[in-house]
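Just below sit the structures, each encoded as structure tokens.
You will see two complexes here that share subunit A, one where it goes with subunit B and one where it goes with subunit C.
So, the complex of A and B:
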């Protein structure tokens, strides 16, 4: 009889319920949250667009098309059909030659030109200089290259078709590329600034909470004083006085956002350090630094992760605000805040300049917030 | 019954008075630290208020520096500034000649306070109402509407709302002026821009706290007494539910009343919200310092008001 029980106990029996770790549990709950999953997908796509997009896209973000200033957003290619002939005429007019009738067939323009003297082949540059045409050449009637010294020929040029899906800005740069660059910059600053705040806040909070007593008091007093300073102003001061560059901006934002993090981590540390495993580590003679690194920080990480996901949109918002005030990244580089500011300045008659960047930024912020909420629900054991 | 009750009331009155006095005394060193840090940060930064594209004549520069005490060592300038500050003199503005910083605030602050105050009142009333409504109709379409709208309002930043409002209502529809200052029509869009995010946040805070309060013992007791439901909700539940809103309102009120850079820039409003950025860019030392001092004062005063209100709303909180 004892044999059978033993056999049953040690027999190859599958457990009825597989054990799940906390992480798996959280992951499952996150996956069940449809808004969070959708947000994660949107974010991934946007991040991908921001990283890869500017390389793939046809227009460099700092290329200026002087003839397409504030071209409205359009799925059709520029130039519009009825704009080609007048543009060709005005470009050719600078060559100071007699121009015959201009004819447009497909994507080539052709016009007879003649002059009293021999035609200078360099006049093709007047056409090439235009954003609308490329590959300008002088031909004779059969379509061969013009003979040197001829006084009449045909000016032929290909129409250069360009697409500005989101239109162009007030300087004639493609808005879509600029938005892609803006996504890249905004996301990068959001992530880097949050990492900065994470590093500062976790270290500071963990040390203050673990050491306790007078040191804790002093360190938290410092945080209180920093809290009462109007801190967005100090970001502005830093940026104004130490120049505008990418690195300084995310350091400045990180420096303003670590205070909350320090408080959260300190609170966590205060409860964790009374746990038995910490006492056990102390009894084993582990150094203070070792306990903080191996026991305190890993166990305080749950709420920290949640807080970081909510910190990223805050940092993006702060960066956009700085850019909006003209204190962010410098031209020709751009960020979403800067694009919105430019859009606001140009909204009369060029509404697309405001609408597309605004929609992009809003989408990013929404996705991050929903993902953050989802993570909080998944990771916070209180709401089970 | 009545005697001890009155005695207790006067005692708390006295305690409160002492508490307020103590807090004001405590505010002086805080203000002092803020002023000191701001002063030295600004002065240690490169550049100066008289840096122009074309350098000034050295003699003129010297005279200017003497006139504004820049030729003295920094610590002396600091002491002079502190002395003037104690007498309520914030100094002359460097970028807006002929104006003292106090003059600038005297004309700009009422505008900002007016806008911020109205926005704050609207946000408070509408936000608390919507939040309480959502909590009472939890998990119905009313609730989902409020929560959804609130998420929207919290997520979209002011510098997106402001130009979009201006574009839509001002430029496209032509219903309201797209910017400027003067009539009540000019105030509608800025106030809406300022109030919307606050409505969203307050509604969310109120909703969460009301749901919690409706489950609490004192509300159940009030129900058991057979009190009408508007008394239960309006007096007993909301009194507890408004606590997180009150503590949120402290810094928010200070921020709203001292003007928003974004709103004032986009709608072209002559408030004080723009002074800090403009002052910092133009190295207008006194204007920046003045803004820091004014905002710090607002923050300190409103935090104090919040703490006093908190203790009044929640009798378990004691002044100590």
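So, the complex of A and C:
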């Protein structure tokens, strides 16, 4: 019983009483729904990770580590202790010098090298080229820089320790960064495509529903015609005409998803139009645009908000489908759908490539759907 | 009245668990019903009168709980298992509801729906049940019952559906019939027929009737004993005649005095005509979709002429579907219509939306449903000032706010509430907001479309008083549309009686009320104003005058 009777309250003039709008009511109800709140928090964290993560994470998303192709996920740092000496040896082998015993102490490797001629200082490049080592230098016995023309010296290099928490992909790129970028792209496409659908659908549906009659008939037949276009075919056409492009994907998804939105909003508008407050506005002389803007759209927004939260996962899934088919985002950029496609290809040898992106996508979809359900419950006026 | 009561309720409580805490809807009431007696429970909305009977029938909403005791012939009903309860409800105690449009399942033929309790409770065969159904339909005065038994609910009118509901309730010869506002949704003449039918059936079948209503006029003519409820408590009970003649509790007195009183004097003869419609005609239907054939046209308003003088109130009365609301909207040019409409002498019948806009300020409309006529997403401050934004867009925000305060003050609302939303107000308050929205523009003509029909009697009276005060203060002219003759009599100085889109009769209020000429007007008056108890009316009236 939220409508408190205020009949008695009309005594002396009080300061303005703040009201509780339907939106605030819904918000209170939503806050009581634990699953929805948890989903919102998860979504917020994932979105934050997607936006900020790639900047602060150690590995750029397009950096390839040839030595670490398909490195399994591990909390330990790479390279593993027993892999350092052989790697150093093989790298040094290319310098074509005699190598003494390689010793490893802490994070530096040290090996005596000698040659018949004077050592060429440029051979450090062979070591630096490897992802495992950095700051390679030639030193004499005291640890000073090697004298020019010396025939024997110590090759010293720091072991570069890298962490690949989620492992690396088939090209040797860090999976975690790629997932973060994937979240960013997938969410961006989901949100942008939904916004586009929202904008187009709400305007179109509200106008068609409010004007009614022949205009409505014509506008909705256009929607029907667009409905009959096969989505994939439509996207392929777009890609063929305009080339593969990030913007194109959300335009393609938005272009197909606004049709549902337009129908929902039109239906809502048809019922709202007959409400007496709309007739009252007409009797006040409010213009058509004013009625649509001030009365129809705000009152139709409840179901629309719910539909949008369910539309975002749908758009993400569609993007995944497109990327899976190779019509979507282009390398080295990536999206969750693309990552899953790659993971599926490497499923047997490198299961983590499939598992982590899939878990992330599932988490996002779950969260969005729970949030959508929560919103529907919160906004449902029948519950009042 | 020495007989044992068949139903006795002792200290019944009903509570609902809601988001805002426990709501105590019924607070310990006692109630007795004796065989063959008609007991009325009277109260305004929210008084707990319906919840009392819902608790008896085990029909409370899932968040509701009943405490206390209610015995039917010695059998405790509260807390009875569903299965045992089913043996009593639907067989011994049956119920009819307010809304005949929604209490029948639209998917099944009415014969099948009436037969359901027969087959279920008595194990009758379908064939025998059908015989009985036809008999019942005849009993409740459905014409041609052998054919109508196969009709679907949508093929029947509202009054006929309520008759079907009654037939369904009578199917098992109940001891007791609970009627929850069974006539509120019906027109007055049909209401009278249904009540006469119930009275006659009671005489024939000898069951007890528990009658829930907010309408004291019905109670006076129908009930033996009355319980008056308020805030979940019985404030007074007694024999109908005693209670009506010598009410003891102040609330009962207030209810009895709630009938709007007073008469309106006609405006001076030389008052100019403000709004005039000549041969106004509104036709619905026609056109149809691209693939459908020609549709039947409905002539909602059929060549009607009215002239509203300055300071006059014309009451438009008629049953639902008589076209009275359509006429009001056509005169305001909110609907496409034929014929001429003049406002202050200027012909506005050809004016389009743009041309009408400046005139909207002068021609305002107040609706019936105070819940539907305010946008739930706007604060009442925004609702009230919307018209100002259209007609005086140059007004600074502060001035608009001042005007809103003024308008709310005028309709008796606290302007401090203007940041609240409509759902936080009661029905009467919302109607005041709707009136403030119209009044802030200082209109000359206001069409009032059943402004009091959705309100409780006592609130109705306040709104009628408010409307009258506003009329005096601003020299307004009203077109007052209503089916409630008591209110119309108090408000209007000129009456137009409509039926099926035509004017049946018109004239000064007193002349129409005291000496109605047409048969239709007479029937209308008899149904609404007449004080004879239904039981003394002839049976022919109940069965014969089928809508």
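The rule is simple: the second predicted complex is superposed on the first by the 357 of 384 C-alpha atoms of A that agree within 3 Å, B and C clash if a C-alpha of one lies under 4 Å from a C-alpha of the other, contacts with A are read in each partner's own complex, and residues count from 1 in each chain.
Going forward, a residue touches a chain if its C-beta (ideal position, glycine included) is under 8 Å from a C-beta of that chain, and two chains touch if they have at least 3 such contacts.
Since this is a predicted model, take the numbers as computed values, not measurements.
Applying the stated contact rule after C-alpha superposition, one finds that A:106 touches neither subunit B nor subunit C.
With both structures placed on the common chain, the touch criterion links A:320 to subunit B but leaves subunit C unconnected.
In the superposition on chain A, A:294 makes contact with subunit C only, not with subunit B. Touch criterion met: A:275 reaches subunit C, while subunit B stays clear of it.
Contact with neither subunit B nor subunit C is seen for A:149 once the two complexes are overlaid on the shared chain.
Touch criterion met: A:240 reaches subunit B, while subunit C stays clear of it.
The intersection of subunit A residues touching subunit B with those touching subunit C, taken from the two complexes, is empty. Within the complex formed with subunit A, the subunit C residues making contact are 18-20, 23, 289-290, 332, 334, 353, 356-361, 363-365, 367-369, 372-379, 383, 386-387, 390-391, 412-421, 423-426, 428-429, 434, 437, 441. Every residue of subunit A that touches subunit B in the complex is listed here, in rising order: 225, 228-230, 233-234, 236-237, 240-242, 313, 317, 320-321, 324-325, 327, 337, 340-341, 343-344, 347-348, 351, 354-355, 358, 361-362, 365-366, 369. If you check the complex, the residues on subunit B that touch subunit A are 30, 33-34, 37, 41-42, 45-47, 151, 154-157, 159-160, 162-164, 166-167, 171-172, 261-262, 265-266, 276-277, 280-281, 288, 291-292, 295-296, 299-300. Residues 1-7, 9-11, 13-23, 29, 217, 275-277, 279-288, 290, 294-295, 298-299, 384 of subunit A touch subunit C in their complex.
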